[in-house]
Amino acid sequence: MDPGFDIVKAGHIEFLVKDLDAAKRFYVDALGFVVTESDSRHVYLRGLEDRSHHCLTLTEAEKPGVGHFAFRVASEEGLKAIEKLARSRGLGSKWVEAEGERGQGRALRLRDQFGFPVEFYSKMLGEEWMLQKFERYRGAKVMRLDHFNIMVPDAASAYAWYVDSLGFGCTEVTETEGSKPELWAAWLRRKHTCHDIAITTGKGPRVHHAGFTVSDRSSIMDAADLLASMGYLKSMERGPGRHGVSNAFFLYLRDPDGNRIELYTGDYISADPDWVPIRWKLNDPQRQTFWGAPTPESWFNEAMHVKSESGGFEEIHAPVIKDRPDYLLSAR
Amino acid sequence: MDPGFDIVKAGHIEFLVKDLDAAKRFYVDALGFVVTESDSRHVYLRGLEDRSHHCLTLTEAEKPGVGHFAFRVASEEGLKAIEKLARSRGLGSKWVEAEGERGQGRALRLRDQFGFPVEFYSKMLGEEWMLQKFERYRGAKVMRLDHFNIMVPDAASAYAWYVDSLGFGCTEVTETEGSKPELWAAWLRRKHTCHDIAITTGKGPRVHHAGFTVSDRSSIMDAADLLASMGYLKSMERGPGRHGVSNAFFLYLRDPDGNRIELYTGDYISADPDWVPIRWKLNDPQRQTFWGAPTPESWFNEAMHVKSESGGFEEIHAPVIKDRPDYLLSAR
Amino acid sequence: MDPGFDIVKAGHIEFLVKDLDAAKRFYVDALGFVVTESDSRHVYLRGLEDRSHHCLTLTEAEKPGVGHFAFRVASEEGLKAIEKLARSRGLGSKWVEAEGERGQGRALRLRDQFGFPVEFYSKMLGEEWMLQKFERYRGAKVMRLDHFNIMVPDAASAYAWYVDSLGFGCTEVTETEGSKPELWAAWLRRKHTCHDIAITTGKGPRVHHAGFTVSDRSSIMDAADLLASMGYLKSMERGPGRHGVSNAFFLYLRDPDGNRIELYTGDYISADPDWVPIRWKLNDPQRQTFWGAPTPESWFNEAMHVKSESGGFEEIHAPVIKDRPDYLLSAR
Amino acid sequence: MDPGFDIVKAGHIEFLVKDLDAAKRFYVDALGFVVTESDSRHVYLRGLEDRSHHCLTLTEAEKPGVGHFAFRVASEEGLKAIEKLARSRGLGSKWVEAEGERGQGRALRLRDQFGFPVEFYSKMLGEEWMLQKFERYRGAKVMRLDHFNIMVPDAASAYAWYVDSLGFGCTEVTETEGSKPELWAAWLRRKHTCHDIAITTGKGPRVHHAGFTVSDRSSIMDAADLLASMGYLKSMERGPGRHGVSNAFFLYLRDPDGNRIELYTGDYISADPDWVPIRWKLNDPQRQTFWGAPTPESWFNEAMHVKSESGGFEEIHAPVIKDRPDYLLSAR
């Protein structure tokens, strides 16, 4: 299963926002991201634990959504091997030259078979570590990017691509009920945490959320207080709570444009190569929230569209199996 | 406004439970109450911070509900003064002799004008302090009783009784909207915290919940994990979250019989005699949960009935003004 | 033991500092006090939970120390009763007119029999409550003043004055070893917490520290990180740790002038009038730090001198019994 | 620098203890390790997050110390490659057959050039995951093994072995002062955390401590309270506090036999292959404890001896450069 290249981790994501100043207030003042640099149309942000240029780019746009998301690869040779793989699959790819994206070396952009704009890069400018600059800590004190969560019509196909072709390990899965269970979602890792990317059944291609790590549960509680105090009542969509899958503690937020992020803390280390995936049933009431609280319907309906080559957004396709637990289907 | 006696604090409450063993598992194994003593029909519980015999009595009964709740009074003279006050108002009262309730001195029981069985006592047996016996800490690590929350048809009348006649201070209030706001709820104190009793508009007499203090937010998160792990998914009715009123962090639980308690932490000290009540509007979305999460309808519909003299339960009366925020009225 | 007046709580303290700007950086930027107002020689500070004008005054002076400390009293009548008491004991007293201290009504200042400048006041200007203005939270997020800790040559005499004459309750005591134990220290309360003032045997009159409340242990850990990050390494004199006495979690700090404060959280509610004092032995290794860590010698040697009538500092007298545990005496 | 095999992580360590029951009380009742199995001379322990047989073995012995420590390797082929490497260096090695150590597949044991008994293994029995069995959580709630810390006379040589030959990455280093700084200590990783092994200058071969992960700072505070309450005052050698190196929050403990462990939480993810080591100076007061508290001398003097082939302990050699900061040297 060695693909001939090393994907290191979920690297960064580009969010499209209609109002850069409003987005900056949310991400910097309330969530505590560090501004590495900005221009009239972009703000490049990193977490307090990050030592490289950015993990989140805010790009001014007419409509919200996701511009692209990116994985870091161990070497330039890895990028070339991925290009080769992409060609062999007939996927569109192009090179983004160094500094084509600020702070970044030469990068490969794919349009994958599910419609996602996915970037692979191996070099990024180093930046000052703020981890022990506690006087710079603000708001939710975001540490770093942890993972992407994407919605695809056919989770099994996406699983095959990420695991068999790109070399991800599988940490946890969700399956449908019945005698012939089908894969409904999968949590896949390259770095030694629960996941770098989660694949979920749903209308797609859409990005459900990007997960960012905070230090502990107290940081999430403090963030909720601060967001409420700053008037972001409607930003808090779900949580705080404990996940069944991943065991992490979470709070889901919508930014002023509706883009969704997760504040996330407390999963586990998954370094063992013989890790046997944890298995969950779609209808298990403790799967999404370990404490049993039902997930709101908006969580299944709404997600971020992804930018297409033409400048619009990728067309959405219906899922091939049911896209939510039965308690929500029966409530209709 | 000196009533001639000193009520010290909310002292204890008696919950009626159908299955003592099931209740004991919930309160002792999951929530960490300390058993002071028990007999075939009762379990007397105290918190880790308590130095007296009990703050919660579980009494086996055919139906759940509240047997009585009790305030501690500074002296025997205070009890007599309350008896005199009760007579002057035409309220039924009787003396419960020492050890009529285990561990307690002579006590006065009133049937107040709202139908509640309220006890006043001045002496209780001392017990070992577990506060620094950390090896005895279990589950939610309940520290002590903090307050009662009662539902009454006419909050203004109950306010007058507690404040003008019994000498409580008012810490916070909720009022209806409009040019002629009416009192909808009040948080009243004797000890120097946010409250010993809260009065809420609703069908009554009913006890909405008893609030018990835990040390910090982490204890509440740990309790939610443990309750989920022990199978008490349906016990977690609301929260965890931050209150607007009281600023406390909370988790509302239903015991195996449906009796409601609150795990509560982080309100403030209210020692100042010139404290000006904090004022909230009934429809303020941050009033109940500071983070804006709507309160479930069950929270307004369900509460504990109180035992009547005859051994049944007190008859319920409708509220004189609306009993819930407009978002719930309009949802009907 | 009713003294004919009601002392409410420890109200405020005045610290003398040589450099107002440096002190402000420490108390406001690092510890999170709120500036109510300031002039060229004073900064008036309150905590996030405070609803009145100040609990800490910084006054520019040539030498550090304590200008005065003050208790809030329930009424103007109470002030007059204390004046009468002071006269009957031959203590010097004078009235400070309203606004003689900014934000404060008429106040009585005593020079007590131990040499301390103690103020009693009943009225103070109300101020905006910051408790739910989470966007204003900074640094250690100090909530309010909790207590004073004073060093006196004869703890038994000071105990008698505070308990028998001023009406304080006694929550905990420390005694010397042996068959005839002597009172070494006492924790005395008016509000329903562990204490408003602690009396310790030592050279005096000196103020050992003022204790300020924070919300929880995480706030103390965060404060230590921030102080270290801001360069205040030498400010952290002792802790963080858990006290035996009071059970509180603590961190002792020295301000830029060497004045000592305690960040303090997690003691208990002491409303019961029949509270039996908790008793500790001076040599118990868990008395000061429950985890057994020895207290540094500086803790016994250094404390704040108090301003005298003449503008200098009160003369210091030697303790009448040993002023520290044997492990420190034998180390000499 | 690809060594031809993949070391996965620090895998387990064997502590020699004189009294198995006393050790079990400490590790299981106080620290919350899970007993996987035991026999008359061994107890095999795992953390709440572990999915394999053991990360800590307690072996009854006449003297305390370390029997061996072990790294997990990705495959059986890796073990053979390490054997080949060992032979090429003239190191003694032997195969421990499957189940020669309970729950473990075939393993290679080296006596490395520094005298340490180091094991490499690729298979271990799977065990039930306790991560979401919150009702099984006890005491300090240890999650998993994180790292070993060893003392060697010549840190530069050990660095070369681990980095150049075994393929570890270097996360942080400590160097001596002066114009020709020498390597004094290094933190080396295979899994994506701060380290799997730290190499420190000192008399050696000795194991300074084994670090075990807990969930958050609250767990460490709770552990200190519990240990104190259970009588383990002298077990708490250093902390709690924040490290400069690693940024982790720590508490160092001595077990009943004096073996040293660290409770550890809150370092960072180090997945990037181009990670530039963080550099510290030996005399930096924030290096060991970010808050500036000096490290006790015992921390430099005492460490665990390691078992020799003959059944005794390896002979100790003096360090080639100074083995502690100047503030301790000058205090002599």
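Observations on the model:
Chains here go by letter, A, B, C and D, matching the order in which they are written, and residues are numbered from 1 within each.
Keep in mind that, in the parts below, contacts are C-beta pairs under 8 Å (C-beta built on N, C-alpha and C of every residue); 3 or more make two chains touch, one makes a residue touch a chain.
The shown structure was predicted, so the numbers you read here are calculated from the model rather than taken from an experiment.
Although chain C and chain D share one sequence, what matters here is the overlap of their interface residues, and that overlap exceeds half of the numbers used. Set side by side, A-B and A-C show the greater C-beta contact count at A-B. Put simply, the C-alpha centre of chain A and that of chain C have 50 angstrom between them. Distance from the chain A centre to the chain B centre is 44 Å, each centre being the mean of its Cα atoms. Taken residue by residue, chain B touches two or more other chains at 132, 216-218, 225, 228, 290, whereas all remaining positions touch fewer. Taken together, the chain B residues at the contact with chain D in this complex read 132-135, 137, 216, 218, 222, 225-226, 228-230.
Chain A meets chain B in the complex at residues 217-218, 221, 224-225, 227-228, 233-234, 236, 240-242, 249, 285-286, 290-293. Within the complex formed with chain A, the chain D residues making contact are 6, 8-9, 49, 51-52, 72, 74-75, 123, 126, 129, 131-132, 143-144, 190-193, 213, 215-218, 244, 247, 266, 268-269, 271-276, 278, 290.
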